Amino acid sequence: MNRDNEFFSLAAQLVDAGRIIDGKGWVPATSGNFSARLNDGNIAITVSGKHKGLLQTSDIMLIDADGNSLDGKKPSAETMLHTALYKRFSDVRCILHPHSLNATLISKLFPAGCVLENYELLKAFNGIDTHESRVVIPVFANDQNIPRLAAKVDRYLDQHGAIYGYVIEGHGLYTWGNSVQETMRHLEALDYLFDCEIRLHGVKKI
Amino acid sequence: MNRDNEFFSLAAQLVDAGRIIDGKGWVPATSGNFSARLNDGNIAITVSGKHKGLLQTSDIMLIDADGNSLDGKKPSAETMLHTALYKRFSDVRCILHPHSLNATLISKLFPAGCVLENYELLKAFNGIDTHESRVVIPVFANDQNIPRLAAKVDRYLDQHGAIYGYVIEGHGLYTWGNSVQETMRHLEALDYLFDCEIRLHGVKKI
Amino acid sequence: MNRDNEFFSLAAQLVDAGRIIDGKGWVPATSGNFSARLNDGNIAITVSGKHKGLLQTSDIMLIDADGNSLDGKKPSAETMLHTALYKRFSDVRCILHPHSLNATLISKLFPAGCVLENYELLKAFNGIDTHESRVVIPVFANDQNIPRLAAKVDRYLDQHGAIYGYVIEGHGLYTWGNSVQETMRHLEALDYLFDCEIRLHGVKKI
Amino acid sequence: MNRDNEFFSLAAQLVDAGRIIDGKGWVPATSGNFSARLNDGNIAITVSGKHKGLLQTSDIMLIDADGNSLDGKKPSAETMLHTALYKRFSDVRCILHPHSLNATLISKLFPAGCVLENYELLKAFNGIDTHESRVVIPVFANDQNIPRLAAKVDRYLDQHGAIYGYVIEGHGLYTWGNSVQETMRHLEALDYLFDCEIRLHGVKKI
């Protein structure tokens, strides 16, 4: 597949993902941003300010590994959070960042991070084959200074190694995988598990 | 675009908005009303008594800036709440008034008004560029006397300046923007943020 | 319109209503039953045992005012609850009985009946023009003996006069109106108002 | 109907069931598995690792009564839970195993099993004709050792006789019936009744 075909294939997958994610109510207003990495290291990413449930392939732009626009379009303000993850993890090919209600609630209820244990659905994560696993999703304070926020994520990853996603407080979730399809699987699993923790949190406290 | 084309374009946008809003369950029964302002200052507004998820363009009528029918159809009983906002804010081009469950719950849980802080989604509002903002959505007591209710809203706006929307107790939300699209963005953001506040309210109290 | 055309028009409206009601999750499994009265006093009613979201017009049968099958099909076991309401209220032309979760929860949380006050959406009910109204929805104990249950409803109506609907404990809602459209409006309003009461009930108690 | 036609008919029914079940959010990521038994005793079952909302008939494979692949495809890791039920109950023709949130919550809130009583919707279960029935859905601890888990289910069934379904802790629901249609009815009823119990559990405790 030449680069153009690869770009349009990935753009179409991101458009489809947006429609499905919006159907679940996870990208209200024009929130969220999505990306996918090409074989040559450049990145297809949603442009700034579009409703993610109504994307067209022309709303997906091309940037290089450092986040520079390659087609004159304006990428999301949070582009550096994407490029930092792609630089760190060579096998990551897609990053999805929705603003699901559950991610925001998790960040307020579990500000020190969310521990997921003893769920069969943990097996949805690449490399996990038993519910007897422990997945930690860290929560970072929100920051409009994206380089500073990216550096904070980097320090966490330096200390803790690979994770399946992270939550920004009052903001949303970042998750990734080796394809759009795998990242969608991680996203569906995380939102479900967040929902479990939120629903059980209220009940346990009673 | 001549006036007829402009009217039909706005009517079509309001019909589409109604279908999307009903899909979210925010206009049960025949509740709610929507409007958009034309360049000449007249207003396209939903007629009284129709289900907002099943609108046709013939269910959108034309009124002047004072709320007088220009085509013999009967506008919503709450028309004056629309015209008052258009008179005050020259840049407002659309007003949406759904009866979402979250708006009604907010009015019962936060009768003194709802304060929204520290959410990334606040950036969905025109003019806000950081989560470190404070948006107040006032709650007004319900009143079948619409001139009296409009006067109460006017007094609040005289004292507090521009806001992004207000809630009427046990009734629903009014929100607006410089286009149907921007108003939909404000609406999706407000409902999401109301949902956060409601869900966290219950939990915080435990 | 001759009787056949009237029957098929009403049957089509009931099929459509079923699809919409199932879309909201209010008729799980094969629960619920719907009916509409013809000008000659006979009644179109759903046959027993079909999924209400997948109805075809052949799943709507014709009974007389006493509930006798006029076409050899088998009506719902709860047919007498329909015929009793049609006999009492000459202006009722449609009865909808879904099993919405909210109706079941209302019956468990408010076993003495649910009082709805100070909601704008009360104006969705025929004859109500202000939120300053009081609507009582009684709750009756469930009973597989339908004549006995119908008699209990009759006694309540003898004592209290017309109501907009009633709930059977752990079972579902009966509501009615002068057309399928009006009954759908009453149904959407009741489920919304039940949802408000349930959500606020939990919170008030905290 | 010859065996090929029967297989494709059942495969199409399972594909349809998957789409409906995914629409309700009960098979997040690639979770869940479904099967249906042919007249000759062989079993059509979903292959491993596919999203159940996006199944194609080629994602349904054929196994014998002992779980051996008859077409070279790889069945779900939980196949033995299906074959054990088919061996025990000669009238079971379909088994559905979704991972609905409600099933997972039930397993955490009612680890000793969930008792369903005094709901009209109990009549959705084959053989039940009154709400005055008592249905127990046992909860088993999760186990990646499927033969060991199947043996635990077997011991329970030896002691307690036929049931309508069981829940695996933090995992999901198994339910069955004499056709895909009846099993869908049992599934819709169970999820509704679980939802009732979860919602009332929180409230009762307050």
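In this document, chain identifiers A, B, C and D correspond to the written order of the chains, with residue numbering beginning at 1 in each.
Basically, a contact is a pair of C-beta atoms (placed from the backbone, for glycine too) under 8 Å apart; a residue touches a chain by one contact, two chains touch by 3 or more.
Keep in mind the model is a prediction, meaning the values are calculated, not measured.
S.K.: Starting from the defined contact criterion, work out which chains touch subunit C and subunit D both, please.
M.R.: The common neighbours do not exist; no chain touches both.
S.K.: Same or different for subunit A and subunit B, where same means more than half of the interface numbers show up on both copies?
M.R.: different
S.K.: With centres defined by CA atoms only, which chain is the most remote from subunit C?
M.R.: That would be chain A.
S.K.: If you average the Cα atoms of subunit B and of subunit D to get two centres, how far apart are those centres in Å?
M.R.: Using C-alpha averages as centres, the distance is 45 Å.
S.K.: Using mean CA coordinates as chain centres, what's the subunit A-subunit D distance in Å?
M.R.: Spacing between the chain centres: roughly 32 Å.
S.K.: If I count partner chains per residue in subunit C, which residues reach a count of at least 2?
M.R.: 202, 206
S.K.: Subunit D touches which residues of subunit A in the complex?
M.R.: Listed in rising order, the residues of subunit A that touch subunit D are 24, 118-121, 124, 129-132, 185-186, 188-189, 191-192, 195-196, 199-200, 202-203, 206.
S.K.: Can you tell me which positions in subunit D touch subunit A when the two form their complex?
M.R.: Listed in rising order, the residues are 25, 28-31, 51, 99, 101, 104-105, 108-109, 142, 144, 168-172, 198, 201-202, 205-206.
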